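Structures are listed in the sections that come next.
There are two complexes below, and they share chain A, which is joined by chain B in the first and by chain C in the second.
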Partner chain A sequence: MTPMDTSTATPDSAAGHPVVELDGIRMSFGGNVVLDDVTLPVRPGFTGLIGPNGAGKTTCLNVISGYLRPDQGDVRLGGRSVVGGSAHQIARLGVSRTFQTPRLIPHLSATENVLTGAGRHYRGGHLSELFGLPAARRDERRLRGQARDLLETFGLGEHPGRAASRFPIGSQKIIEVARALLNEPRLLLLDEPAAGLGAEDVDRLVTGLTDWAADRDAAVLIIEHDLELITRLCPAVAVLHFGRIIQSGAPADVLRDPVVVEAYLGADFAAGD
Partner chain B sequence: MSEPGRATATTTHTEDPTMVTAGAEAVTEPSAHAVGRTKGLVAVVALLLLFAAPFVLNSYLLFVLNLTLVYAVATLGFNLLVGWSGQIGLAHAALFAIGAYGSAIAMEQGVPFLVTIPLVGLAAGGLAVLIGFPAIRLTGFFLAIATLALGMAIVELLKGARAVTGGGGGLNVEVFTLPGINGSASTYFVTLAVAAVAFFLVRRSLIGRFGRTLQAVRHLGQLSGSLGVSALRYRLIAFGLSGFIAAVAGSLYGQLQTFVFPAMFEMNLLVPMLVMVFVGGAGSHWGPLIGAAFAVVLIELFQDLGDLQAIAYGVVLMVAIAVLPGGLVSLFATFRDSRLVGRLLARRTASERSEVRA
Partner chain C sequence: MLQTVLSGLESGSWFALLGLAIVVVMKAADVPNFAMAEIGLVATYVGTVLNAAGISFWPAVVVTLVIGTLLAIVIDLALMRKLAKHGHFPLLLMTIGLSLALNALIGLIWGHEPRSFTAPWSGNHLDVGGLDVSWAQVVTIVVGALGAIGITAFFRSPMGAQMRAVAENRETARLIGVNAGRLSAIAWGLGGLIASTAVMLQAQSTLVSTHSAASLIIYGFVAATMGGFVSLFGTFAGGLALGIIQQVVGTYISTSAQFAVALLAVFLVLMLRPGGFTKGMRLRDV
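On to the complex of A and B.
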């Protein structure tokens, strides 16, 4: 089970240099090896990361976004190693993510929650806010406008002032995506964004994401169990199984691969869910 | 299982006693500007009324009002730390003492009182940052115990440094008066001016980006890193600011009491300070004022209880958290969100919304 050569398997490898590149990542927790020699280039556009529960997908995101430091291997963002950087430093380099269970500030409005993603785009500091300088007010107005626009892009523009906790869980997940986008990321990491979403919400999500990505060079790495969504969005997909990349390429090919089918079904039976 | 901090993700926020329920402004966004303007007007009128107080109140009531404002400022800082950044740091009474003592001692050295206010603020802010360095990596019980111990150590130091502080016996405070105004009215005006500025500035940063960032740190913990926010940095900033504000309030307290001694800054102050934060509403904007007023009344009621005072406050604190997790200000929010008020306001919001959009 050696990892496939992903660069030849990815159909549009001509689409540009990888935005982020996992190179030989090994990650273990107290002797339990969770990622084993994971090499994965993520190019501009959508890339899917699939695999059974416990395969190590979320761990991959945690490594990229700086929450975990790998035992071995390198993470290169735009060619530069970011291993050892802390999560907030990596976020400020233009890496945004969402979480498997949405993490919003419950009593703050949708817009305010989205605004918390704007950190690196404030030109003025906290002191200019404290003293109410015009620069601070301009920042606030500009970013608030962008936050509202993003909510509209995702079809949530109707209740920008409603407290986050009063939205259904599906909408909360979408608000979290909008928050990630306000960072104007060059790399967006989505952890099962469609899990728990109704068909209508999935459509909002897909439309919003494709609209957003259309005029940008950003790379989006999506972990998702909804294979139809992966096929719809991602020209490239990689399959993680017991911490190894067992296959990657165009979804149509990958999802037909007997090894992948076996991994998915086998694991699901074994896990009993 | 694999997300850092996932364990806290599953706890529902309503179980959390420090839960912020009073972010009233933020929730009603479409009319936020209009609401803000009304509130601004209310604040200005209230301020004018407060400035008139020395002319209408007897000296006892003026003292009580002055004390309420001093506590309100102290609680403003405490609430920033506890309610907004979510850290139960318990050195606040000691930092308040630093302000009272520092100001009095600096005045003995010839520093004008008004200059001592920012000076003690900076000193206590710096000290709070030092306390914060170990504390920001701790949470809950351990954070509380560590900061409590440091706070008690500070008060012990005040007792020990007899040559400068007068030790357990206390220290006289030279009273500053504005030219042409009698002592207690002058002290009151200074307190009111400082309180107004403090509330204005703190509120402005809390309703904006700074407040959002603190809440992100509070609710997301280290996951706020994914928003480009260093949780540790903001926790430290919260410590520094709360220390600064505590000492500013302490300097005003010294002026009001005219005599300070270490026992003033022990549990009999710290526990009421917690009462002020939680009864007012942790994480609210005006809670500190309401909490302080409540606590001053309690202090009057409990004053004859002696050593039982701290226990009595503790009971009040527990009852307050259990019965009213959002504090007294949440009652206003509940009232505002109620159907009757909603219907009364319904006609207005439509026009306000178009106004805001325009």
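On to the complex of A and C.
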């Protein structure tokens, strides 16, 4: 266990300071360099992380969320290094994520799946819950209410009791977003949230996320191939290519940059645009 | 006949509780735990020793339950945790090895003679309309039912859902902020608590020994199989049904056929309803 203290974690984002900072991250698998000197500050609001398949985008999320430990470099959450912390400790510091392929508990209901994300916001702790103490009951009522509200926000309020596996993949991805939000993250990591979603679901996702982010100064880092969505949501975007950040800035500028067009979008985009 | 059903409900409660202990660990750690009966037996033997040494009943009960709980937690922390990254099969083998080792250890320390855990109500009977009801039966059936209700309520809590997340995928559970290690220790502790309760209840009305643990674990697994290793209600009902079937067979056919019938029940459940016999019923999957 690392000496991380969840109670003293306060958001350090009021003045637009980065919520999380990747600093010189290098990550390799058996000599294969996947991330090479990646430095990326993620400020409150939406930040897009784009790049071709295999560029290392998901690896970035895995490094931030503590699933992978980088060979070199530092990850600072609100100014404090979290490298070497275990995944659940980092999640409890307020880092939530979703997965490219939804990872829900198939037999449990949508609400209960959302509830599994509540880790950070138990006040009573596991033992008081085990004995059904009043504090735990209050926690549970509050969390259940929040879980239902979140499902409602994202348009899934109709069947809160339906087993997760019986929802289409797109809805499962949205349930994952709700699960991540129940943790009240100050950093939300979304791995291709719109892939597999219909246009209507994408709209709901965008509205839900912007509503959620509006009165918070949380940061949202989105990996997404849907560039229209990125342009709609993110005032800032970074392009990852072969494990390096090759460009970052406002989407309008970044997406016009010849290097980006060449590296990532290829001739098709230039021709089709 | 009613007398037989009553005895069936009593032994069925032991099977049901042991089945629940197995399912609780299964739900959080995803390991079929063959060492459960022996964990309960070790605890119960400590209780019988205290009992024989003149320690009064309730303190002995508390010590027994604490030992059962701690033993299970220690097994999880010291042995299972280290094996977890190698997949399920080594974990399964570990529990089988542990059951043999604990059984041998009990034999080594306390010998193989059957023992009982005398309760203040042991030997007292009630006469309910011609039916001979022992207090031990009443206590067992009530404790069994309360245990089942308590565990079911527990799994409906958000912590229950988080335990399922750990069983589903430990790594994912951690990434969404679930303290997987603590939850699996809690599940093992809870399993140990229930298993020692089951064996202790058995020991207050009959004799337990290193031999009785082997049949108890089989019956516990039959109960768990009837619940598809998932449904707590299915496991509890399966345990009770098994107890009744087993007593009926023992009374009207032969006691030597009891074990075979239990295994036949597993066989039939697996053939006809591999997901447990409550699967498909509109039950909440908790």
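The criterion applied here is as follows: the second predicted complex is superposed on the first by the 249 of 273 C-alpha atoms of A that agree within 3 Å, B and C clash if a C-alpha of one lies under 4 Å from a C-alpha of the other, contacts with A are read in each partner's own complex, and residues count from 1 in each chain.
To be clear about the criterion, contacts are C-beta pairs under 8 Å (C-beta built on N, C-alpha and C of every residue); 3 or more make two chains touch, one makes a residue touch a chain.
Keep in mind the model is a prediction, meaning the values are calculated, not measured.
Participant: Just from the overlay, do chain B and chain C fit on chain A, or is there a clash?
Facilitator: Overlaying the two complexes on chain A (C-alpha atoms) leaves chain C and chain B clashing.
Participant: Any idea whether chain B or chain C touches more of chain A?
Facilitator: Per-residue touch count on chain A favours B.
Participant: With both complexes superposed on chain A, which partner does A:81 reach: first (chain B), second (chain C), both or neither?
Facilitator: In the superposed model, A:81 contacts neither chain B nor chain C.
Participant: What is the contact status of A:162 with respect to chain B (first) and chain C (second): first, second, both, or neither?
Facilitator: Once the two structures are laid over each other on A, A:162 reaches chain B alone.
Participant: In the overlaid three-chain picture, which partner chain does A:100 touch, first (chain B) or second (chain C), both, or neither?
Facilitator: A:100 sits against chain B, while chain C stays out of touch.
Participant: Looking at A:59, would you say it contacts chain B, chain C, both, or neither? Reply first, second, both or neither.
Facilitator: Only chain B; A:59 stays clear of chain C.
Participant: Which chain A residues contact chain B in one complex and chain C in the other?
Facilitator: 65-67, 86-88, 91-92, 96-97, 99, 103, 105-108, 112, 115-120, 122, 126, 129-130, 132, 136, 139-140, 163, 179-180, 183
Participant: Considering the complex alone, what residue numbers of chain C touch chain A?
Facilitator: 153-154, 157-159, 161-162, 164-165, 168-169, 171-180, 182-183, 186, 190, 230, 285
Participant: Across the complex, what residues on chain B touch chain A?
Facilitator: Spelled out, the residues of chain B in touch with chain A are 2-4, 6, 9-10, 13, 20-21, 23, 26-30, 32, 201, 204-205, 208-210, 212-213, 215-216, 219-220, 222-231.
Participant: Given the complex with chain B, which residues does chain A contribute to the contact?
Facilitator: The touching residues are 34, 58-59, 62, 65-68, 86-88, 91-92, 96-97, 99-101, 103-109, 111-112, 115-120, 122, 126, 129-130, 132, 136, 139-140, 160-163, 165, 179-180, 183.
Participant: Using the touch definition up top, name the residues of chain A that touch chain C in the complex.
Facilitator: On the chain A side, the touching residues are 65-67, 86-88, 91-92, 96-97, 99, 103, 105-108, 112-113, 115-120, 122, 126, 129-130, 132, 136, 139-140, 143-144, 163, 179-180, 183.
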